[in-house]
Each structure stands twice: as C-alpha cells, then as structure tokens.
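Which chain is which? They are A, B, C and D, in the order written, and residues in each are numbered from 1.
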Amino acid sequence: MAHSEASRPFGPETGPLLAVDGLVKHFSTRRATLKAVDGVSFTLEEGGTLGLVGESGCGKSTTARLILRLLEPTAGSVRFRGRELTTLPAAEVRLLRRRLGIVFQDPYASLNPRMTLRNIVGEGLAVWEPRSDIDGRVAGLLERVGLDPAFAGRYPHELSGGQRQRVAIARALAPEPSLLICDEPVSALDVSVQAQILNLLADLRRDLGLTILFISHDLAVVRHVCERVAVMHLGRIVEIGARAQVYDNPRHPYTAALLSAVPVPDPAHRHRRSRVQLAGEVPSPLDPPSGCTFRTRCPHAAERCATEAPELARRGADHPVACHFAADLPLAAQP
Amino acid sequence: MIGYALRRLAVTLPVLVVISFGTFWAAGEISSPTAQLTLNPRISPEAKQDYVELLGLDRPLHVQYGKWLGNFVTGDFGTSLVRNGQDVWPFVERALANTLLLVAAAVSLSLLIGLAVGVVSAIRRGSLWDYGSVTVSFLGVSIPVFWLGLMLQLFFGLYLANWLGVGPPLLPTAGIYSPGQQGFDLLDRVRHLVLPTLALSLQLVAVYSRYMRASMLEVMSADYIRTARSKGLRESRVVVRHGMRSALVPVTTQVAIDIGQLVGGLIVTERVFQYPGMGLLFLDALEGGDYTILLPTVMIAAVVVFALNLVADLLYGVLDPRVRLGRDRRVARNV
Amino acid sequence: MSEQGPGPGGGMGGEAPVGVPDVPMGGGETESLATATPISPWRLALRRFLRRKPAVISVAILGVIVVGATFADQIAPFGALEQDLDAILHGPDGTHLLGTDTLGRDNLSRILHGGRVSLLVGITVALIAGGVGTLIGILAGYYGGLIDATLMRLTDTLLALPGLMVVIIAARLLGDGTWDVVLVLSGIAWMTLARIVRGKVLTLKEREFVEAARALGVPARQIMRRHLLPNLVGEITVTVSLTVAAAILAESTLSFLGLGVSATHTATWGNMLGGNEGFVTTAPWLVWGPGLAIVITALCVNFIGDGLRDSLDPTQGKL
Amino acid sequence: MNVPDRRIPGAAALLSVRGLRTEIDTENGTVTAADGVSLDLHGDEVLAVVGESGCGKTMLALSILGLLPRRTGRITGGQVLFRGEDLTQATPARLREIRGADIAMIFQDALTGLHPLQRVGDQIVEMIRAHEPVRRDAARRRAVDLLDLVGIPDPDRRAASFPHELSGGMRQRVMIAMAVALDPAVLIADEPTTALDVTVQAQVLETLARISGDLNGSILLITHDFGVVAGFADRVAVMYAGRLVEQGPVAEVYGRPRHPYTAGLLASMPRIDDIPGRLERIAGTPPSLISPPPGCRFAPRCGFATDLCGELTPQTRLWPADGGVTVACHHAERVGAG
C-alpha cells in the first residue's frame, strides 16, 4: 500500500532524474554567515553517475543533505523526477526519502551500536512495508552486498570497517531507492578494502540500474566511479563535465591545481609532472574573497576576478566552467 | 566581556524578582509573624492590631511585597519584624562575614589538598595511592555532612578527652567564641573554626580531587602531551606546564560555580556547630516567620550563586583562548 | 589502537572491532564470522562490570541491605514503634543489640525498618528525576530551537538557585509525609540529568546513524526510542544511580533539620539521627547506627555508579 | 634477519631498528603492534614506512623515541640503535636529550598535537630552550625565523597566535618548524599530511622536502598513502599486520613488487593517471593483531598462498640479489615474475 502511494507522486517522467537549481544554504550565527552552499546547479540523468569533488568545507556534503532535506535549503530548487522537493510538506518529505538512499562516510558512526544488523538493515523496510518478510529480505540484502546472511544477528562492533560499510549500503538499498547518494563512502576505509567497496558499488549500479551521486574529496576515486564530474569550491560548482573533459582537459585553474596535487603512486612521475603549486592560504568560508572565491590562490588571477564573480556557463554548453578566462588559459592536461 | 556580563544580568534580574516574591509568599505561608505575637501573652490584642497596621501586614500580599522591594533596591533592608524592630542589615552582615570566612577557610584548604591528590592520582593511575584516594573520595561524598559533624564533635568533644584522660575538650564544638569571651580573640576564633572547616573539607576534598583526577586523566591522554614529551621536555614540565595548565581550566570554573552554592548552602554545617552564619540565620528567620531577615538572606545567596556562575563563564574565556563568550563552553571542552 | 584511518576526518579512533577477531574471507564472495553467537553491547558491558571488584562487592552489600529493609517485619526483633519502657536509653546489650532510644524503641529494629523508607525515597526520587530529566533532555536536544531554549532556560535557572535554601523552604511548605519529601527532592534532582542527556543527544544527533535513520524516513518518535534512548542508557543509568545516593543523603539531611519524613509515623535513618542529635555524648550508639547505615548504603551506590560508568561508557578513560 | 646495507657496505646506519617487538595492552587483549621489525635509516635519505591503519606503523614510530602510551605500551624485544646507541636501554634523561634535538617528531593532527592554550611561538621557544641555554628573546627570534622558513606569512605576528587561530596547513607548518628547530639528524613524520586537503598537502610536502634538503637530515616518513611515498621517499618499507613484508628503493618496489601484499595494494588503488575500469582487489580484511594467523600473516588473503605459508613464517631475504629489495615471502619469485 505504502508502495503504490509512494511511487505515484514520484512516478517516471521525462527529463533528468534529479535537477538541482540554484541551491543555497547559509548557516547564520550571531557573528557571521557561513555560505556553505551558494548557488549550486546540476542535473543527473537516470542511470548516470555524477561525482561531486572538492576539498573539505566546500559544501559537497551539505549539498547531499539538502537534496534529502536532512537540512532545509535557504533557497533554490531540487526536482526529483520533475517533482519539486524543497517545498514538500514535512509529511511528504518522509515519502520522498524512500526513493533516495544515502551511504555515509564513517562506517563507525553510521551504524547504531545498540542494534543488530537485522534491525539496522530492516528498519527501512519496517517503516515502509511493515508486513513484508523482513527477515528474508534482510538476508537477501546482506548477501547482495557480500555478507553472510548469518550476520543478521550480529552487532556492528563485531565487524570490520569494510564489513560495516557493506551493511550501510544494504541499509540504503532496503527501500529500493532509485537514487543512491554516496557521501565519501570509502575515504574512511583502508586501501585494500576501498577497492572491494568500489567494486561492490559498480556491481550494484549495473545490476539494479541505480543512479549514483558520488561525493568525494579523492579525485582518483571519483575518476574511477563517475561518468560525469562536478568540481566544487567554497560552496559553488566551478567546473562540470564528462569525466574525460574534466580530467584530461580541465578548464578551471582550480581543477587543474587539484589534479596536479594528487600524489601518483609511480616514482617515475616524480620529476616529470608539472605540479601547479598553489600559493597562499585556503580562504575561510566565513569570509570568502570578493568576486571569484578562488582568485586569492589562482596563478592566473586578474583585476576582473576581484570584482566580478564568474558564472558557471549557462545551459547548452556540455562543459561549463566558472572562470572568466576559461577559454584562454594554458592549463596543462594531466598525465 | 562587559556586554556579555550585562546581557547575563538582564536575564538574571527577572529571575531574582521571582525568587524574592516566592520567598516572600512562602515566608507568610510557613509562619506568620503575628502568630509569634499571639503566642506572647504580654501583648494585648490591641497592641497587636496596631503592630499589624504599622507594618502593613493587613494589606494585600503584592502591596506588601512591592513596598519591601522598593526599600530593598534602594538599599533599605528595613527593621526586623520579630527581633524587637532592630535593623536587619547588621544581622545579615555579620552572618555573611562569618559564612564567607568559613567558606574561604574550607575551600582554600580543600583546593590545596584536593588538587594535589587529584593530580597524583591521575599520574599514578591504577596505583595503590590512586585506589586509596578514590575510595576516600567516595567516602567523602557518601557521609552526610551533619553526621560527620556529629562524629567530629563526639571525637573531639568526648572520646579524645576520655582517652587522653584529661578534662577540657581538645577543640570547641560549637559557636565562634568560647562562652564569656568578650571582643575579638584570634586564637579562640580560629579554634572554633577548625571543626566546621574539617567537616566541610572532607566533602570538598573528595569532590575537588575527583574533578582534578578526571580532568587530568583526559588531558594527559591528549596528543599535545605526547608532543611535549617528543620535544624532550622534563616530565615535571610536561605534567605542570602542559598537563595541569589545561586540566585546571574546567576544574576552576566548576569550583567557582560550587563556591556560589556554598554561601547559601552551609545550613547543615552551621546548624551542627551552631556557627552563626547565613544558614543559621536563614533557619531562624524561617522558623520565626521573619521575612524581613529571610528575604535578604535568600536574595544574597541567590545573587552570589548568579555572580559566581558569571565569574565561572568569564574565567573560562580568560583561561581558554578558544572560548568565545556567549557560546556554550561545553563546546570548547570537547575540542 | 591509536592509528587513525586514512582520509581527512576519518574519525575511527578508538572503536576497533571488539570481541571477535576479524576473520578474513577465504576468497569467496561472502564473509563470515568465527564465533558462534553474537555478543551484544549489553553483554560486553556486563562483562566489564563484573571485572570491577569494588562495584561487585558493593552490589552484594547493597543486596543484603535491601533484603534486610524489605523483610524488616520478619527479621527485626521488635517493631519500629514498639516501646520497651523498662529499657529507655539503654546501651547495646543482649536484648537490644544496638541499644534503645529515648522512648525505649529498639535501635536495630528501627534501622531495619527505617531503611525501607530511606531506600524507597532514594530510589523513587532517582526514578522520577531520571524520567523527567531524560524526557526533557531528549526533547530539548532532538528538537532544538525554541523547545530547547525554553527547556534549557528553565533547567539553568533552577540549577542557579541557592539549592538547599529552596529545598528547605519547599519542604516547609509541603507536609512531612514520605511523598512530600519525594516530591521536593525530585523537583531539584532532574536538572543535571536533563543537561547531560541533552548534551549527549546533541552529539548523537550529529552521528551519522541518526541521519541515516532520518534519511530512511523513520519517524521522529521512533528515532528517539530506538536510536537515541538505547545510546543514552549509560549516562542515564550512571546518573540515576548516583541520584539514589544523593537522595538518601538529602532525605537524611532534611530529617535532621526536622523537615523530612515525620518521626511519629515511621522511622527513617534521617529522622533517627535528627531526633537524637542531643544525645551525641550521652548515648552515642543512637548516632552511630543509622549514620553508618546511610554511609554504607551511599558508598555502595556510589561504587556501583562508578562501575556502571566504566562498563557502559568504555570510551571514558580507556588507557 | 638483518637488512643488509647496500649503500655503504659495512657502515652503520644512522638509525637502525633491529627485531623490534612492541606490545600494547587493549581491553580485548595484548596487541603485538610491531613484531620483529628491522629497518635502517641512512644519513640524508627519506625512508617511508607504509601500511594500512592498525598495521603498527605509528607504534613503531613511537617506540623509537620511547613515546609509547605509558601504562599500556612497552617494547618487549629488539633494539633501536641511534648512532650505535641502543635507545631502548637509554635512561629517561638521555632519551630527553635526544628527543627534539637529535630525533624530532611531526604528528598527524597538528590541531590536537599542538598545545591549545599556548601561543605557537612559545611552543617553539620551549623546544629550543629545553635543549640550549639561550635567552628567551634570542629563542623567540629563532622561532620567528623558523616560522618564516616553513613559509608562514607574517611570522612575527603569527608567533603570537594560538593554534586554533591558524588553518590546518599553517598548523602543520608550525609543527614542522618546531621539529626542525634544533636541526635534528632524524625527523620522524607520522602521517604529516593525512589530515590535510590535497592542495594543502602538496604545499606542506613541498615545504618538508625543501627543509629536509636544506638541513641535511634524514626523514622517516610514516604514511598509508602510496602516492605520497612515490613522490617523496627514496626507499620504502611496506608493513602488514605488525611485520615488514618488503623493503627497498621506491622505484624497485613500485616497478616490480615482490610481495603479494605490495603488489595487491598497488593494483587495487584507484589512480588519477589510470584508465578507469574494474579494480583488482585484495579479499578480506587485515587480521587482528591480538591473535594473528600463524605463519605468513597475509596468507589468508593471498592468491599465491600454499600450505607452507600457513605454517612457516617467511624469512626476510634479499631477492633478487642485485635489486636491493628485501622481502618476506615464500613465493617472492613467483610474485616478482609478474
């Protein structure tokens, strides 16, 4: 019953699965306003994978929480299957959440230590389909993410980090969402376990036709997972495009700097790579620079950058960049 | 800082008014001063009536209260209802001075011992000394202070004299001066202060040593202590300059708050040792229905509590540069 | 182990998997665990508690005290109000093991009977304060905003009163029945817990498992019941147990001041002391007995509370 | 067991760890964080110890300077030789002399690693004055110079800042300035950039490399990041579950890993310079160090494992003889072959 009710308002329509437009979130204290998200727009097609990359404090995790309305946006619009979410009444927000799953960063904080895996994974089922065969479906979900169904009676403290992250994925998948938001899903995991989880996500996407919004600070991981990539800097998207465009032909100086800063596990690169060294300090999000927020660290900054904030190119361009000089800059393509 | 203090005061004033009115009302409910008059057979009903009219006891409660408040805020504490119309202020002043002396003696002695015990316990965690001091401090908070007072009286007033086989008790067990003492006598005064101070101090040492132990344990496991050791500093410097410096911050503020409660909270100790301070005055006024004395007593106790809470907040800001006033100081503790 | 997980903000410190060693998977697609039965966090806590000797000994002693008080009618040689007019103010002897008081009542029997009221007051106050404090703390912490501001302003104001004076005035206003005393003491006992609970809820609310529950569409009441409350059990249990000790002490203090449970109807440890204060030097046995009963009980409860803190909240003071 | 010194045959290394065994008590049992670890740090080189969380690399670093957690940690075997002197047997006073002056440390998280209530300049001054009898104002001038050296703008003013007033990158620079204040022979850097964003990480690493070049000291770099190692270290030692499994020049180890764990890790890393595709992966999770598996500790996760691996702990050996790489694997030949 809940199923049919839930699926109708969010039924299939034409257009992108998720369309975010001008999303803004300001946190105000007595002293200052933190513009955590400051006009973020992007679309995500059904079955697509979009990576949202940026450094800590750039607003990528806040964006995820705004889409789910775990936080209330200050302004802007989020449309899911054409349906506006930001104005939904609180009661319907719960219905919406059924269609959106989320996996968090820290597998040690994201599982309730007092609950068994059965209850953790089954909670989403119990909320929406209280009369279904929860035990059976939990067993199926555990198997789906590569865990022995016999784990169901276990507690999180009995599992390793990678195993916990599998449980977190199973929990997100339980209500059968069409969009899965992954907020730094592997950055708390060890290298040897990271690959297991990334492969699992790839399998799930292939088998279940999931659409994935993948948030990460790790450009290598995003390159591996995502077909399209959006780069965020201080609450704004500065560049968005297909994987090959962004990685092989970055048009924003910040993207180029990020890419060159990533250490490559190959000693041969040591002397060959041209490292774009950024000068100066990361600006405080409480007191961002005027104009382009990257200009204080940008090697190509000009006077215009201080007075005029560059717009992310309007719709139509397949590789929009928020830089006044995007067309002219000699940015080195990466190895 | 001054702005912050003023804001706090603005919030506090209405509360003080509520407290004073509540006390005013309660005093009348508990025992009316006229009841005392009635008990005295030498006072005629007519005289009593004159008295009631003179003091305005026949008028509505809020009018009486308003009159008292008007006088109080202008510094006029009035005359006592039952103590033959004597001025109230000298009574309160003497009591306050006596109590402050006792508090100062007990707190300074307890801080000296308690902080040292706490630091040594924390550094030698798990040692015999630690177990011993923890047990004693549990004992300290498990003994009712009046019973401890009685036991001290029994010991110094009876047992010790019996065992020693000599006449006069070692220490006086009540009051602040020996019977018949005229004028000020330092030695006599101090001898009378010893037992009440001891009775209070056992509890305070217990509490302070536990504060300090817990705070010190937390600090000594911090990363920056390891850094200090890695710098090649002497262990004494690591413990004192790096450990205690930080550990004292929360302890100092907590002690400040506790001192505020002590000024109006020595009722039991003062009663046991017949020590003429705020507590004893409070009990007498309450039994006698003398709101003219009860109210200033309660108000001063309340003001002291508020003042020391404020002092604690300001101290935190001074001792810890991370704390901005007005923010929840527990936030800083968790950093 | 103190090594941090990789990646910025990977706050994995301290919470390594416990109980079961990680068993690597043998190359198959599913992973499995070695031990046969799951170990719940509660069982781990119990195990840790049983390792703490002072706490376990305290449980045993407290058990004896509780049994003695509960079955006072059966155990005590005399009734609580039963007078032996031939033995007024007698010292301890064969008939009256702990002597008699000014009315010739048997001291031992009164201690046993009095324990019933003292423990009842202590436990009831702690439970009421625990319930009120938990409720206010959870509501304030979870909802935040105006609800939080209102509830916490109330709590802070009550905490910043001259506590003992207020209690004495309140006790004088109310009567001298057992429930009057319970009411007065409960009224000032809940604030500490409310603040502790609120503080913990504020951090729990930021924990990702609560966000995950919200993201699944779990209703607020269920989040509070299933996600917040079970993770507050440590704080609540410890504070409530310490409140038991504090309430027993507070009841005895009120009784000592003549404001506690009336001595004419029942004996309590407190009113046994309050009534006999004047006989400290002439009949010290009257002061020793009930006083030691209070001290031992409070000491046991405090040790148990401390043991609970260590076992339910192992993050506190691990190394 | 001893790692042969291929650079200066017969010469003693600057810092030499020999068969170190370190135990840490935890609630669930005793963890053997380092189990027979041997490595050599030569003059003027950067040696990276790389491994996953919980493999014991941080405890190894702390063992060298005797900074293990006091109540729970202890060294139960082996030697730490600094210029031939065994630090595990040194008196506390001698250790204090060495700490900071001869061997200095940089910790992962500068926010918690710096004293929160002490101005950063004073923290450096304290370091200098703990070892040298200099006047406060002279020490302070040196502190400001050091802050300048590590690239902190406006160092005179910044010296009066508290750590929370600085950004993460600046805090880590303060840590570096403090560590190099007395020109130590060895700098132990424990995950110095892990808590930083990638652009800041690049800046800090660059500073560290520049300073180490200026001050001709050696660096022992502890990290989990193979990328950082490749860009920074001369030699690498790979640690797994409390043991060193492979050690050698970075180019050799990366180009031709001899241990299946090293090979597996390198293959399972998503790389920025790689064509996306399905990742190779290592199955399972690292073992508990309370009760590690017998024999080779990687055997349960290893595709090359045979019965032998589960029974016999592989010896650390040089293979091939001319590569300068030591490896602890029974099947190094098969792994190294491809």
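By definition in this document, contacts are C-beta pairs under 8 Å (C-beta built on N, C-alpha and C of every residue); 3 or more make two chains touch, one makes a residue touch a chain.
All of these numbers come straight from a predicted model, not from anything done at the bench.
Asker: Along touching chains only, what is the step distance from chain A to chain D?
Answerer: Step count on the best path from chain A to chain D: 1.
Asker: Determine which of the two chain pairs, A-C or B-C, is joined by the larger number of C-beta pairs in contact.
Answerer: Counting C-beta pairs in contact for A-C and B-C gives the edge to A-C.
Asker: Mind having a look at which chain is the central one, using mean CA positions?
Answerer: Here the chain at the core of the arrangement is C.
Asker: I'd like the Å distance between the centres of chain A and chain B, where a centre is the mean of that chain's Cα atoms.
Answerer: Centre-to-centre distance between chain A and chain B: 56 Å.
Asker: Centre to centre, by mean C-alpha position, how many angstrom separate chain A and chain C?
Answerer: The mean C-alpha positions of chain A and chain C differ by 46 Å.
Asker: Go ahead and note the Å separation of the Cα centroids belonging to chain C and chain D.
Answerer: 48
Asker: Rounded to a whole Å, what is the gap between the Cα centroids of chain B and chain C?
Answerer: Centre separation, chain B to chain C: 25 Å.
Asker: Return the residues of chain B touching two or more other chains; collapse runs of consecutive numbers into ranges.
Answerer: None at all.
Asker: Spell out, as numbers or ranges, the residues of chain C touching 2 or more other chains.
Answerer: 5-9, 12, 17-19, 22, 31, 319
Asker: Name the residues of chain A that each touch 2 or more other chains.
Answerer: Each of 56, 160-161, 163, 190-191, 217-218 in chain A touches at least two other chains.
Asker: Residue numbers of chain A touching chain C in their complex, please.
Answerer: That would be residues 56, 65, 68, 70, 94-95, 97-98, 100-102, 104-106, 108-116, 119, 123-124, 127-128, 143, 146-148, 150-151, 153-155, 157-161, 163, 168, 171-172, 174-175, 184, 187-191, 217-218 of chain A.
Asker: Can you check the complex and tell me which residues of chain D touch chain B?
Answerer: Residues 62, 65, 67, 71, 92, 95-101, 104-105, 107, 109, 112-118, 126-127, 130-131, 162, 164, 178.
Asker: Across the complex, what residues on chain C touch chain A?
Answerer: The contact residues of chain C facing chain A are 5-12, 15, 17-20, 22, 29-33, 38-41, 44, 207-209, 211-219, 222, 226-227, 230-231, 233.
Asker: For a test of understanding, state which residues of chain A touch chain D in their complex under the given definition.
Answerer: 55-56, 160-163, 190-196, 198-199, 202, 217-221, 223-225, 243, 247, 257-270, 275, 277-278, 281-282, 284, 297, 334-335
Asker: Provide the residue numbers of chain C that touch chain B in the complex, in ascending order.
Answerer: 54, 157, 160-165, 168-169, 172-173, 199, 203, 245, 249, 252-253, 256-257, 273, 277, 280-281, 284, 287, 291, 294-295, 298-299, 302-303, 306, 317, 319
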